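Down below are the structures I want you to see.
Look at the two complexes coming up: chain A is in both, with chain B in one and chain C in the other.
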Partner chain A sequence: MTNLLLSIDAGTVDWSRAQFALTAIYHWLFVPLTLGLAVIMGIAETIYYKKRTDFWKHTAQFWQRLFGVNFAMGVATGIILEFEFGTNWSNYSWFVGDIFGAPLAVEGIVAFFMESTFVAVMFFGWKKVSAGFHLASTWLTGLGATISAWWILVANAWMQYPVGCAFNPDTMRNEMTSFLEVALSPFAVEKFCHTVISSWIIGAVFVVAVSCWYLVRKRHTQLAVQSIRIAAIVGFVAALGAGATGHKSGQTVAQVQPMKLAAMEALYDGGHEIGLKVVEGIEVPYGLSMMATNTLDGYVPGINDLLDGYVKDDGTVEPSVDEKIERGKLAIQALADYRRLREEVKVNSEKFATATDSVEEILNSQLSIINSNMPYFGYGYVKDKADVVPPVWINFWAFRAMVGLGCLFIAFFGLVLVLIFDIPMVSLLVRRLLSAVGLLDERAADRTAPADAMPAWLCWAAVLMVPLAYIASESGWLVAEFGRQPWTIQDMLPTWAAVSDLSAGSVALTFFLFLILFTTMLAVEINILLKQIKKGPEGNS
Partner chain B sequence: MTYEFLQHYWCFIVSLLGALLVFLLFVQGANSMIFQLGKTPDERRLLINSTGRKWEFTFTTLVTFGGAFFASFPLFYSTSFGGAYWLWMLILFTFVLQAVSYEFQNKLGNFLGPKTFQCFLVLNGILGPLLLGGAVATFFEGSNFIVEKGNMINSPLSTLNSQLDVSPVISHWANASHGLDALLNPWILVFAVAVLFLARTLGILYTMNNIADETIRTRSRYQLAGAAFVFVVLFVVYLVHLLLKDGYAYDDSGLIFMESNKYLNNMLDMWYLTAVMLLGVVLVLWGIISELCSGSQFFTLHSSLFPLPGIWPAGIGTVLTVTPLLLMSAWNHTAYYPSTADLQSSLTLENSCSSYFTLNTMFWVSLLVPFVLAYIVYAWRQIDSKKIDRDEIASDDHAY
Partner chain C sequence: MMTNFLYRTIHFYYDGFRHMTVGRTLWAVIIVKLIIIFLVLKVFFFPNYISEHSDAGSEPDFVASELIDRAESDVLTP
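After this line comes the complex of A and B, so read on.
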């Protein structure tokens, strides 16, 4: 066996992180619209199936056309991510592949084939298959995308909260012990619900924005009004759902990733009765303690507490990072000793034949040290405790962007709902209020034709919501991933121990190639979408 | 189920996925010939729309192949992708270009122009099969990597003065080319070009069956002879080389050694796989010949010998040929990912697979595969119930 001491360029780690961030951020520009638009076009086609009118058929086909343009980019950017775990994070792939690979394989078998099969029927089957089969294909396309989201989020949730596994010192890797614990981990369930529901917001925002543009231009008003009605319901329910699931996710983060929560709140010194910061200087009293622990005086550790150690509410002691580093080193050393002895016994089996009991005793002793310190194994690769603190300002502001915009979407969709639907008393009241402050034409205040339901300023606000929705969505991922730094697997494997043996230059080169490629393709996609929107539902290629 | 059974089972599943991928490379094969088979924009549009109904299957199979490999043999995934970085990056880049090319090329707002994306399709059509073929050939020819799992903990911790003194990467490529060195091996190139021309052959057979246009059919039949000839010659040449070359074997203790005529021995020891492979070869040839003869009097007189369009026997034959070929690289105590830099770093089913628990769990998931295949076949038949023609392109809103 060749013993190697490889030196990894620090630039390799940073460029690999940057490349993964770049490809993931780009992928996440397209996936939420796929997930969200799938719901809306499914609803539109379902209405067509029931009513069998040309209007609803053309409406469904219009949204499907836009879906198709976006879907291709989602697929293109996704393939890179699937293989990037291997290309840039090969040590990670080995160390946890026994657990991490399974969700990716299941994703391919169950979800990708469903998407790829039925999207072709959806696009090309209008004249080839029955209306029922076509409708089923449309929903199955969306279902495939959603199931795909499930499995990749199971994988990501496991990175945040590794469960259902145990370290095997003989194979030098973590191995799965419970598939159900991995697949149904509470972190995974909450993350899936929050991520998919927030994607529906993107789809709804997109549809409302396009439809509002048509209203402003006084084109395709019937399609616009009906689409806004569908999207407003989806968007409002999704915005509320995202808030609820986000809160639940936050509570889980408080339990299993306290450093992430501390970074999100820029909380350096924790304590009891901690307030929730809106921004520096403005906070909701007791808010963070309440959100994290469901009690007003619950203890919330800060960054310094997590670094220096603290006593939890239940009386248990959370060790300091220095102690964790020492215990991690113990685990690594014990593992090295264990493997060395096993190798010696294997090579010189005759020499050890008469000393089996004492060899077993030594091995068991090493195993005991490994097992008792294994929770801190990853810390054995950390030199300075400051390295385990995630970038605070990114987490702090990204979290605020996400939550703030989430609240804005609730208000936005709520307003659109009451204007586009004639909800008894509520709609009239809101219209009168808007009219009173000059935001709605007096003539429209009492009862309005559907096409006049949305004032021009709100239509343009809807268009502005599109980039804001993407900012909120990407911010969520920034919190999720930056908050976990420097760990690829929380507390188990830091980035510098997970990376492939590549030169910084190679990774930098592929980073820029991806940047140029994806940016160019994004520009083409946006231009195509805008042209398709301008052409409208009768538009052909 | 024993651990050994599961290792072999998953090797079979991955090999089957690989074989299906090779069949589905007909999409790439046809795309590589867009400008040869289609001389006018309308003809090229017919070709693109023909393969465009199927491109996602190839893509998905590639991704699932990678995912299944990751789940069942994570050390291969880690070693090959992390080591042969540039080879895999080139493959991925071409597939990224393909993914958007169909949707974007003919759309209003495409400021790069249709020809740009058609060239991307040609690029993926050539490089995709070529590089994937090259990657597969390394299963037999070897690659330049070293694996040392102990690197996770080998560094002298007491002398740490930088966190990067502990550099626990367990595998690395033994030269700076990171995978591109494979293309310097003439035998890898022979196999890679054979795969490319197999893809072109299958692509021609597919479009001949799928497009209702006599001009394209005639042109395709002419191209078929050349593509099939190159493929058959190169395949036979490589097969002979394979049967005569030394191979990478391992004993029960896991020690890897070179064995003379290892792959010939595998074919003889696993005669049942050889029989399937020969059947596959016959079917591929039958598919090719049936289309070459389809305009001839011989064909007319003996049409009962050729009940199916050539793509079907050729496609099934491809799967039946490639699956055993891949199994020959791994079953029967063969190191399926041999290392030319350090023999004992070579990967075998036993030293690179996932745990018993994971393989067993995934076994139950794999039982879904027949259902997946069933709905794919059903949907495929629905979409391909009628050949593509110019009228369909003109009247289809979503035509590429």
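After this line comes the complex of A and C, so read on.
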């Protein structure tokens, strides 16, 4: 037992991380489509509310049906993550205390009940409630899902940038000192905006892809064209918004997680006027300095600078990892001394009865050491400073996948907008250009009939955009979470201290169990979704 | 009035569930999923680690010994 407590198998850490990553990736297959489709179906029903035509009613009901399928598919996929906190990450689970638990509790009580109440009205209430109440229910269903996302992202943002808390050495928990500081942390706000807006891209891509498939099959062309019009606007605006919010997030990451930024860029030696790498050997001059500091010559630290310490632009000194390790060890030693003295006082209360003041003085002194070094607590577990460097190649390529695909979506939705809407001069010019290079039928070049606006190759490209959108979305999470390594809480608790002392074999077993279970469930669920798409709006009845 | 509201709400859900089409399949999937998650995975594979390894009220002592001992040891075995 002592040996188990004194060492932790690296396999346990890696399998626990892999298991959490697998379940989180699976959960994130469903959430962004819920958030994105909520916007599309809300817009479709809003148009129905204004026009009161059967066409728009059936269009709204169709996208709501697909929303419902995805919503049901995603139910309970997030609960498994909470199980893993209690089993695989027990030290983390206890250490974060109510700070993690509070947002999750609010999410469950408020947002989930809001979603489940209004989703029932949305599906059951077409003939039972007024059009206005039904429309409100549809939007409130989406709002409930978005509020859920807020609280989950607040919890995740706290892992990246722990604020609003104080460590209690008696309870061994971080206790919330300011709910607002946690809930409205700038990291949380920016992460929420970026994550939700990028989810709207997935909803838009999905709708365009399904609609394009109908166009190719020459089915439901009116629904397809009108849906593409809605989704192309949402997708274009969302793609631009994701870029803007991503830029803002990048600046916050540069401030509070500079090692993550350095890993994203494979930047080993920092400096001023640093370019943004497209790939090795190709870079945008001054791009990284601009992205990180909003100035062309801003200082951006590299991995080696962060390991060895450096002087920031404002003159303050960022300590080296060796110094942080020493401070972390001080905090852990002070914690051990504090708890040992507390225990001795409790067991031998008579012996310490006459020395209360001096005991209190010692305890306060140890508490002061803990508090002043708590921001570096996790470094006390670091033996080799290379352990604090996240996996560079994953961060580098995941970031490029996300940004590259984001640019592709801007171009894609821009092209679709120009073709599906008759924008004076612009649409005709683009159609003539595409016709000149053989990408658009000559007869279609001058047509304004919307059903002919989307050439077959673009329709099939739209279908291909669906997996690409998911790759972009998951890549963003890879950057966020791999970039945080090795920390479960940035600088405060590394993975090898946070994980439960389970056998690597048992964790590996549950990993493969999940892999088989999730793959089977995903296949079943995609089958249901594809059947509903093939049925089309006729399936509304 | 409250009874009437309650009756209308129950009837609303009853009527809705009765007329479901694809919803029936989805609910079957959800129920199977929940059974697997709560009655199989949670029970057999995901116990609360701290509750199993410490007495009620002693959780801080257990976590403290875990965290302090790991800092003092050679942390990772090859």
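What to note about this one:
FYI, the second predicted complex is superposed on the first by the 527 of 541 C-alpha atoms of A that agree within 3 Å, B and C clash if a C-alpha of one lies under 4 Å from a C-alpha of the other, contacts with A are read in each partner's own complex, and residues count from 1 in each chain.
Simple rule for what comes next: a residue touches a chain if its C-beta (ideal position, glycine included) is under 8 Å from a C-beta of that chain, and two chains touch if they have at least 3 such contacts.
Please read these numbers as outputs of a predicted model, since none were measured by experiment.
Legend: residue contacts after superposition of the two complexes on their common chain; A:S116 is shown touching chain B, with no touch to chain C.
In the superposed model, A:I79 makes contact with both chain B and chain C.
In the superposition on chain A, contact of A:M521 is made with both chain B and chain C. Of the two partner chains, chain B is the only one touched by A:F133; chain C is not.
Between chain B and chain C, the partner in contact with more residues of chain A is B. Of the two partner chains placed by the overlay, only chain B lies in contact with A:G101; chain C stays clear of it. In the superposition on chain A, contact is made by A:T171 with both chain B and chain C. Comparing the two interfaces of chain A, the one with chain B and the one with chain C have residues 5-8, 10, 65, 68-69, 72-73, 75-76, 79-80, 83, 86-88, 90-91, 93-95, 120, 123-125, 128, 171-173, 329, 332, 335-336, 339, 380-381, 383, 496-497, 500-502, 510, 513, 517, 521, 524-525, 528, 532, 539, 541 in common. Chain B meets chain A in the complex at residues 53-54, 56-57, 59-60, 62-64, 66-68, 70-72, 74-75, 77-83, 85-86, 88-89, 92-93, 95-97, 99-100, 102-104, 106-112, 146, 148-155, 157, 160, 162-164, 166-173, 176, 178, 342, 344-345, 354-355, 357-358, 361-362, 365-366, 368-369, 372, 375-376, 379-380, 382-383, 385-386, 395-400. Interface residues of chain A, counted against chain C in their complex, comprise 5-10, 13, 65, 68-69, 72-73, 75-76, 79-80, 83-84, 86-88, 90-91, 93-95, 120, 123-125, 128, 170-173, 329, 332, 335-336, 339, 380-381, 383, 496-497, 500-502, 510, 513, 517, 521, 524-525, 528, 532, 539, 541. Chain A contributes residues 1-8, 10, 61, 64-65, 68-69, 71-73, 75-80, 82-83, 85-91, 93-95, 97-102, 104-110, 112-121, 123-129, 133, 137, 168, 171-173, 175-177, 179, 329, 332-333, 335-336, 339, 380-384, 387, 496-497, 499-503, 506, 510, 513, 517, 520-521, 523-525, 527-532, 535, 539-541 to its touches with chain B in the complex. Residues of chain C touching chain A in their complex: 12-13, 15-16, 21-23, 25-27, 29-30, 33-34, 36-37, 41-42, 45-50, 59-60, 63-78.
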